[in-house]
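Look for subunit A in each of the two complexes below; its partner is subunit B in the first and subunit C in the second.
Entry: the complex of A and B
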């Protein structure tokens, strides 16, 4: 209860400061929350942007595709590098170095390769989501206590059983952490991709609104996008709970 | 005693490890036989290959030369139906409860859940873990963890129990108590135990046979048969004399190993 109270208190304080500051600036540049509410209502009633559902759905599909690809490639790559000592030693550091490159520098070439449509957003979301997943698998495998593997082998476990009964549960928390970070970065990648250049999706709507200085609509669209991000994190925590149940 | 059949036969076993600083001869031409129901202790300086020998019996290490027979059959890999192992580190699975850890081996053998749960639950009493079935390893003391690990081995109901310094990481008092407890378990279950230790006390208190190993490359230096009744009075003149004899054998090898 106290936790919820503290959260609401911070939110109220934030809204109050925003309201006071928002009334003092040029309404073309900033709007107070009280002015956002009508914009948000218009948006949700599909008056200002009738194509909101289509845009939202497109963005969700892009995120879903990017994440599915990032998970598949991240797990595959991470396990190959983690299980083969030589390959891991040779290529693991290269992977970590690539992760350190600000991914946005690749975006112009992604647009050139994949065009202005969904494909370039999916590629960018994938690029952001892939690394934390692959590196989490690598870190997770390194975390497994080799003694536990020896015990399992002595008790008759073959490679597949060692993997399922020892490796996976031992690395679960690191792995799930990586999957969660990967999802958040996929969402960021897709939305940023859309804002940097697109014809449809939430990013395109946001671009349109602030390009025309429709600041109220812009803030309302950002709020809807925020719900998308929070929703994806809720999904990730459900995934985490399932994974935990599965190991028990 | 000699009427009992040999359960374990080790013949001319040799093992060389290749390390980054050159080859290391861990074992050289080791032969040993152990009768059914015996409590055989391997004792010797650090790095003399005791653990390697145990690893071979457990099927985790393959010898370069020589052969190992368990129950008349050569060892080709881990065979938990005949040989159960307890390691120095308890090696419990942190995401499993006491009961689930004890069940582990039976689970791998495909024993139905109900039956393996029952087997494990029945073991908790003698293990002194009755109230701890649902606890996780992090909630247990060092001695308890090691008893869970021993329970995991006993649950397999294998004839042979390999123990690689199972009490090595415990404090002195716990260690003495665990020794008494193990003796009791062994006398009740009549397993054949191969026990690796650095402790003279454990060797003399527990064993029917003590094999002293040499410094690297490990060989069997002497094997003593101990016939005294259990529980043994460690202060008796016979035991004190034996202890001195054993120590002089081991001391020599330990000095060589230090050089």
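Entry: the complex of A and C
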């Protein structure tokens, strides 16, 4: 109880400091919370940015496409590397080394190749989401107890049965965690891509507001984008919980 | 041994396929140059790109030192005091999780172009993963060790210095390995978004100028640098953990 009270108190203190500081500084730079609410209302009533629904929908479609591709490629690549020992031992470290490169260095090349439209954002979201999924599959397969597979085979289980009854339950935990991280990174990739250069989507709106020093609108747009980000993670965490219940 | 051979074969095969695809004109050389065109570009951009790389790595180093110092101290402080941990941890997790790109325009408005926003944004990226790891490690320190040290009359100072810190070393090292990539990422993003110098700016201007061979060469240079840094940290990590026993 005290903990919750202190948490709320801290939040109130933070908003109060923001309010006071926001009123003191140049209104182009600081936006107190009391000024964000009118901007947010204007935004949601489509007064400041009438194309908000279209932009939001475009960003969601980009995320969806990027994630679908990342899941397909990540699962495929992870299983190939996990099933073939030699290939896995050779390519696994190479994959991990590529993962150690800050992904944003690839973005200019992607933008050059795929252009300013949705394709480059999808490609970048895919790139960010692919690695955690592939690496999670790889780690998950290593967790499967090989003796269980041998025993199942000895009792006459086929490949499909071994996979469904033995491997999947053993690796599901890691796999689902990777799928969730992949979704978070996909969302971040698409948003980063849009902010670094785009003509449409939430990132383009944010850049527009920032470029015109419409700071109130900028904060409101950021809040709407945050809802999208947090919402996707909540969805993923619900799926994660379901998967966990299934294994237990 | 066979693993090494397969790795080398893979790299050569990938470069070969890429070269053939580019030579046959299946992709537009304006956008995807052949490896044979990238290699000379690497020499051509040499000095300018190395200066940019040095600039970027300098900012990253400052951001990294700040992230490690602040992240470890905040992690130890918040992790070891129970009330603080319970009150703050949802906020810390929230700040760790939200895409920091959303506040980047505001940081640039406040701090302007150049080195300061890059370092600040680098710290913003590096600080939270280190703090979260250290916080968790401090929380999970074996209670028995703390109780025994206390009952043998250890002061609070001794408790931190002799029990907590040695126990969290692996997590600190793990955080340091994770943190460096995040710091570099943050610095590069700022340089691309609002840079006047540095590798992010170099990459961005090659892309805007449709100088694909130079862009690929510069991308390869940054990637090689960051892989080298991470491998060096891994090596150090190995050595240190062997030393700890």
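Here is the rule we use: the second predicted complex is superposed on the first by the 229 of 248 C-alpha atoms of A that agree within 3 Å, B and C clash if a C-alpha of one lies under 4 Å from a C-alpha of the other, contacts with A are read in each partner's own complex, and residues count from 1 in each chain.
Going forward, contacts are C-beta pairs under 8 Å (C-beta built on N, C-alpha and C of every residue); 3 or more make two chains touch, one makes a residue touch a chain.
All values reported here derive from a predicted model rather than from experimental measurement.
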Side-by-side fit of subunit B and subunit C on subunit A, or clash: fit
Inter-chain angle, subunit B to subunit C through the CA centre of subunit A, in degrees rounded to a multiple of 10: 90
Subunit B versus subunit C as contact partner of A:29, first or second or both or neither: second
Which of subunit B and subunit C A:226 touches, first, second, both or neither: second
Which superposed partner A:166 touches (first subunit B, second subunit C, both, neither): first
Touched partner set for A:111, first subunit B, second subunit C, both or neither: second
Which superposed partner A:153 touches (first subunit B, second subunit C, both, neither): first
Of subunit C and subunit B, partner touching more subunit A residues: C
Minimum Cα separation, subunit C to subunit B, after superposition on A (Å): 13
Residues of subunit A at both interfaces, subunit B in one complex, subunit C in the other: none
Subunit C residues touching subunit A - in the complex, by the definition given at the top: 2-4, 6-7, 10, 31-32, 83, 86-88, 90-91, 97-99, 101-106, 108-110, 181-182, 184-185, 188-189, 192-193, 199-200, 203-204, 206-207, 210, 212, 215-216, 219, 222-223, 226-227, 230-231
Complex interface listing, subunit A residues touching subunit C: 3, 6-7, 10, 28-29, 86-87, 89-91, 93-94, 97-98, 100-109, 111-113, 184, 187-188, 191-192, 195-196, 206-207, 210, 213, 215, 218-219, 222, 225-226, 229-230, 233
Of all residues in subunit A, those that touch subunit B in their complex: 145, 147-148, 150-157, 161, 165-166, 169-170, 172, 247-248
Residues of subunit B that touch subunit A when the two form their complex: 58-60, 78-80, 84-85, 87, 89, 91, 93-95, 104-105, 108-109, 152, 156
